[in-house]
Amino acid sequence: MTAIGTTTAAGAPRLPGWVRYEVTAFAVVTALGLIGYLVFPFDLALLTRIIAVTFLVLSLDLVTGYAGVVTLGQAAIFGVAAYAVGNACLAGITDPVMLLGVGIIAGALMGLVSGVLISRFSALPQLVISIAFGQLVAALANKLAQFTGGSDGLAGFAPSAVLGVFEFDIFGRTSFGFSLVVLAVVLALLLRFVQSPFGLMCRGIRDDALRARMIGTAVYPRLIVMYGVSGAVAGVGGALSAINVGVVSLHSVSFEMSAEALVMLVVGGAGHLLGAVFGSILFQIFGHFVGSTNPFHWMTIVGGTLILITLFAPKGLYSAFASAMAKFRKSRVSQ
Amino acid sequence: KVGVIGPMSGPYALFGQNFKWGIDAWVAENGDTVGDHKVEFIFRDEESPDPAKSKALAQELIVKDRVQYLAGTYFTPNAMAAAPLLAQGKVPLVVMNAATSSIVEKSPYIVRTSFTMWQNTVPAAKVAKDMGSDKVAIAVSDYGPGHDARDAFKATFEEMGGEVVEEVNMPLSTTDFGPIMQRIKDSGADTIFTFLPSGPPTLAFVKAYIDNGLKADGIKLLSTGDVVTEPDLPAIGEAGLGILSTYHYAVSHDSPENAAFLEAMKTVGAKPGEVTMTAVAAYDGARLIYEMIEATDGKQDPDTAIEAVKGMSWASPRGPVSIDPQTRHIKQNVYLREVAKEGDTFINKETQTFEAQPDWGLAE
Amino acid sequence: MTAVPLKVTDLTAGYGPTRIISNVSFEVPAGRKLVVLGRNGVGKTTLLSAVMGLCTQHGGTIALGEEALSGRKTSRRAMMGLGYVPQTRDIFQSLTVEQNLSTGIRAGSDARLDEAYELFPRLAERRRNLGSQLSGGEQQMLSIARTLLGHPSILLLDEPLEGLAPIICDELMSTITELASSRAISIILVEQQIERALVFGEDAIIIERGQIAWEGAVSALRADRDLIETYIGVGIH
Amino acid sequence: MITILSIAIDALAFGMVLFIISIGLSVMMGLARVVNLAHGAFAMIGGYIASYMLREAGAGFALSTLVAVLGTIAILMPLEFLLYRRLYRNADAFRQILMTIGLTFFIIGITNTVFGPTSKPIPLPEALSGPLDIGFRMVPAHYVLVIACGAITALGLWFLLDKTQFGTRIRATVDNAAMAESLGIRTEILYAATFALAVGLAAFGGVLGAQLLPIEPYYALRYMVIFLVVVSVGGAGSILGALAASLVLGLASTAGKYMAPEFGDFFFYLTVILVVFIFPHGLLGARK
Amino acid sequence: MSALLQLDDVSMSFGGLKVTQEVSFTLQTGDRVGLIGPNGAGKTTLVNLVTGNLNPSSGRILLQGEDVTHTGISHRVRHGLVRTFQITRLFQTLSVADNVALALLQRKGLAMGFLSSATQRPEIRDEWTRILQVTGLESRAYDPVSVLAYGEQRLVEIAMALALKPKVLLLDEPAAGIPHEETHRVLDAIAALPADIAVLMIEHDIDLVFRFASRVLVLANGKLICDGTPDTVAANDEVRSAYLGSYANDRRSA
């Protein structure tokens, strides 16, 4: 259960000043966000929620797509971070940026813990440990009702204005703007991160852990660190979700959430950050669209679509898109 | 325009479906206009307890579809998530299921036409006492409503001098109840009080109760109506005969209003075997919304709207009900029912009535 | 199984859309031994897997006697008499040596495991070991023995000597030579140990960048070392 | 003492249910190398057929079970041809997960529309329903059926897969399909047979396990995690491993529920973690 | 000065099979040693014991004087012990350049960089370019390893070993699958290494061994049966009958 996605082009010579790549990504995300803002001014709540979940999918891509650790317990990190933010907010830390920090720290810590547990193993045992870990956290969240509100959810907290200026409004403009900026920044950083020596090494570990050991890499500690980074990213998502919604429920730590994130990742294409973003956005928009036009046959339609995707874009939509683009370019050149 | 949020897909889709049937039944009887205002219901899918998603839905309904009323919400956290939006959006919310007592406290613009666990459970404890039970084992699902049921039963029963000899909180995912039955048996209880959310496990629970010989030993089973919802009865079958439950509605309720309601349900396509109390809550919810529209003459004025329904009382398919002006929660009769067979169909036969029960959870 | 000639005409093949070998034609008459030589990465393995139907065939024909092989499933080709020893050995890791061998025996054939143990006594000692617990050379032996148990009429050997001790190489080459003559098996041998290959083979082809660069009798190669230097590398001898 | 014995009996029965219902998945994951998240859906189809046969067609229990098994295989074989065939050789677990989840959703959606959302009972014959007195306590009579069927299934499969040429060839194919083909093994047929076997087992488990895991549309997803856990703890493809895992986890779950029900899930998953830590290669040390 | 690598009475068995029996030898600075022996003699196992892939049941292993018998694999690599695999193990989805660059980064302690570029830093880039030239792989730098022919993958194995700048290099059949006439690439690559490191090569290509080694160890049934110069080994009757076969005659006649 390793070796997912191809990274053929990763080593191709890049133009000098390759930093531009990240800057471009930042600009593109922001631009896309602004377009979303202008075209769907009344759907900002949906777009905001999509962004929060996108962080979860990104974090999953880091451990699964890049480091080859298959997990169905990633939502535990997301959810715990969200609970941490909710509790911090109730305790009086209401500044959204500070809360984001709380989420990142909580996420990173949870990431390290799950890394210690999960990345010790490989293949099926690993998957099982991740499931068990997620279920344990979910069971605890249900039990520790004084911190989580149990099945009623943790509610009743309200973050203050972003930077003291932008109040959270009913149209969700502030939520959206705040989330979008955070996404653009984090994505740019991550794009850089996965090209770094550390990121490359993780991909090496994914391919063959023993080989990595044989060039002197201490595999286990690295996976834990990778998990920490991934946890921080999931923590951003959890924090945004808590800040924007004002309620944290058991759903955010649930198995369903983990599984859905995995589906989104695979739909987009694991092993590419942009694939994760793609998958998250497309899947949720599609799900929302089907859910609102035909809620009664939601499952049939979504199920059918997933099957079609595996038939026609087996490596995920991003790869399909990328190779279609490549073909298109080629055909133009040859003309 | 009214936005309805309910579980249209997923394991709870039956109840979302019932929301729709209930509302459709009301519209079928009363037309889709109030004065010269046309009423339009828009349905959105909440699927599972996911407040982030529900909040987005509520927000979308308010800002994009510009609804004047929100209704529905099956799950408590989802209702909680929508609450802060109501004041900002000037939109009242008619809760048609979510049963945690505190929901109505989250916003002055919330009214509830369903029930709360406390409301249904307190009478159950009284029933137990009346039946002569001394030692009760409580087995509830380990989540909010389960805890409410447990606390309500225990408080009431102990106050009346009964003894609770065993409390079991069962994980929601439990399907194998053998060991739990064994534990109850070992506790020496003479009666079991249970609450599980309606669904496949309820069936397994009842089966385990019978198959492990508890029924044969004369241990009584008492529950809230969720364990024996009408759609589940055929699956439980003969074995379920005689199970007692307390609830605010039985499909077999004998009244002209109920007969008319069931008739209307049929005309909108509801299958007789699949009607649940959520349809009634939705039906009554629609009545409130019509009332509110009339009171405000179609304008967006939540204060007037809510004022208009406070204290309102009417004859619902479940019996006489009223909206408590203080809590904005529905006051209603709670019935003791027994599973019985009438012809080929299994029903919950009402055998005793507890009149005009408030939400005991808020009354505490 | 009676021996039939293998005829390859204008074969073009590769992996997916990529073409690795193109327009390769040759013929192996029944009972003849052909050696295929060439540098690393020129397409020798690809040629053999194309004959087995394990990679994409883009053009040309492969025929076994009168029957065309192109388009047939690999398992069908094997049933028709092709036996293949891949370069990577491809031992079934989770089966024991004995079970590995038994997979080589075709339905209805009277082959016995003992044949394999006679050929490689080392395997008899290790019969209960899992495939994953064999040394490199033992895996090679197992792979060869497994294919031989299928009593193929045409044997495709991809660097079978790799990893074998010199003395085993000797024995193996003589066994195969003997098999070839006693059962009239045709053999295609890809081998980097050129000395041994030249002793063994009758005909030879040399491949360069996916095409046949030279073909002829082995004796010609033996006589003219320059040929080898030109096509394969700087001879050290 | 009686308590311990009593827990042991409950555990054995629950363990056997877990086994019967998970073993098809183990076969699929171990021998066809497909992480088949639609396993629950397959079992559910079996359950629906049995329920229909028993309640509408008035057939007997044994016949209904047989029809359920064969019927499920018949319904699903086209899927083997259309979908699963593409999954065997390519080791991309993600693609498998996605496709089988999609399939599960699809089946749930259809089932829900056609049969409605309520659960469909599988009534047992008189002799097997109701309580059975075993001296010191009453147990559900169907325990006997489940335990017997579980034991027979385990033995039969173990023989088929470990002792016959079919088993050897299947495992050869799993290890390296291209090589197996090169040796003349007809892998497509083997795969199809394995698929049929796994599907039949799923349906069988769905019917027999229905007393504890009731049949309804969301069955397909509701119990999938447990199946997956049992198979993985036992080691995919290992029959005895799956049996051992089922019994151990059944015991953990039963004892946990008896002693501290409010932590039921907790003990189950804690045991899972402990077992994996102690036996990282599957309970019976699956090979490799 | 202590030996670079020293084995004292190292033993190991799989179940009942004694694969390594009280093997002792030392490798000194500058040693070029061949390790030969029949198939299944325990050569690969011996390498696995030295690198830490397997644990000996008794005996000691010293690396530059330090007892590493019970330390982890990566620890030994960081102390200069590097091997190649008989059956190639590479990062299959990464490009050839990335494979080599990873080894370089690891050696230079740069592998924990989080936000710098991996393969394109000048000092890394120059070095992998050079290594790929030495091994004749420069034209395949950007191809993923998975599309390389098997023989080419073996060269990548060697390239990665070079990138790690070993003190002790263990080569497990480095030339298998490379045409006889091209094995000089392997020798060239080794010759390009600093003279003061110790190299141990397992190989069945006896020509190559004898060209390369100044000393040959012979292993049979887990025991060292011979340790000497190529000529003494070739003349040893036991070695000839158990291992060399016709080769010994060829050599004499050559």
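Think of it as A, B, C, D and E in the order they're written, each chain with its own count starting at 1.
Just so it is clear, a residue touches a chain if its C-beta (ideal position, glycine included) is under 8 Å from a C-beta of that chain, and two chains touch if they have at least 3 such contacts.
Here the structure is a predicted model, which means the values were calculated and not measured.
By the document's definition of touch, chain A and chain E have no common neighbour. When each chain is reduced to the average of its Cα atoms, E sits farthest from chain D. Ranked by separation of Cα centres from chain A, the top chain is C.
With centres defined as mean CA coordinates, chain C is found 74 Å away from chain B.
Separation between the centroids of chain A and chain B, computed from CA atoms only, is 37 Å. Computed centre separation for the pair chain B/chain E is 73 angstrom, with centres defined by C-alpha atoms.
Contact with two or more other chains is made by no residue of chain C. Annotation for chain E: no residues touch two or more other chains. Contact of a single residue of chain B with at least two other chains is seen at positions 10, 13, 17, 142, 171. Of all possible chain pairs, those that touch are A-B, A-D, A-E, B-D, C-D, C-E.
Remark: chain D residues 3, 6-7, 10, 13-14, 17, 112, 116-121, 123, 129-131, 133, 137-142, 211-214, 216-219, 222-223, 253-255, 257-258, 261-262, 264-265 touch chain B in the complex. For chain C in complex with chain E, the touching residues are 15, 37-41, 45, 87-88, 122, 126, 133-138, 140-141, 159, 162-171, 192-195, 228-229, 232-236.
In the complex of the two chains, the chain A residues touching chain E come out as 3, 5-8, 10-14, 18, 189, 192-193, 195-201, 203-204, 206-208, 210-219, 229.
The touching residues of chain A, counted against chain B in their complex, run 42-46, 48-49, 52, 139, 142, 150-153, 155-156, 158, 169-172, 241, 244-252, 256, 291-292, 295-296, 298-299.
By the touch rule above, chain C contacts chain D in their complex via residues 52, 54, 73-75, 78-79, 82, 84, 86, 90, 92-95, 99-100, 102-104, 106, 130-132, 146-147, 150.
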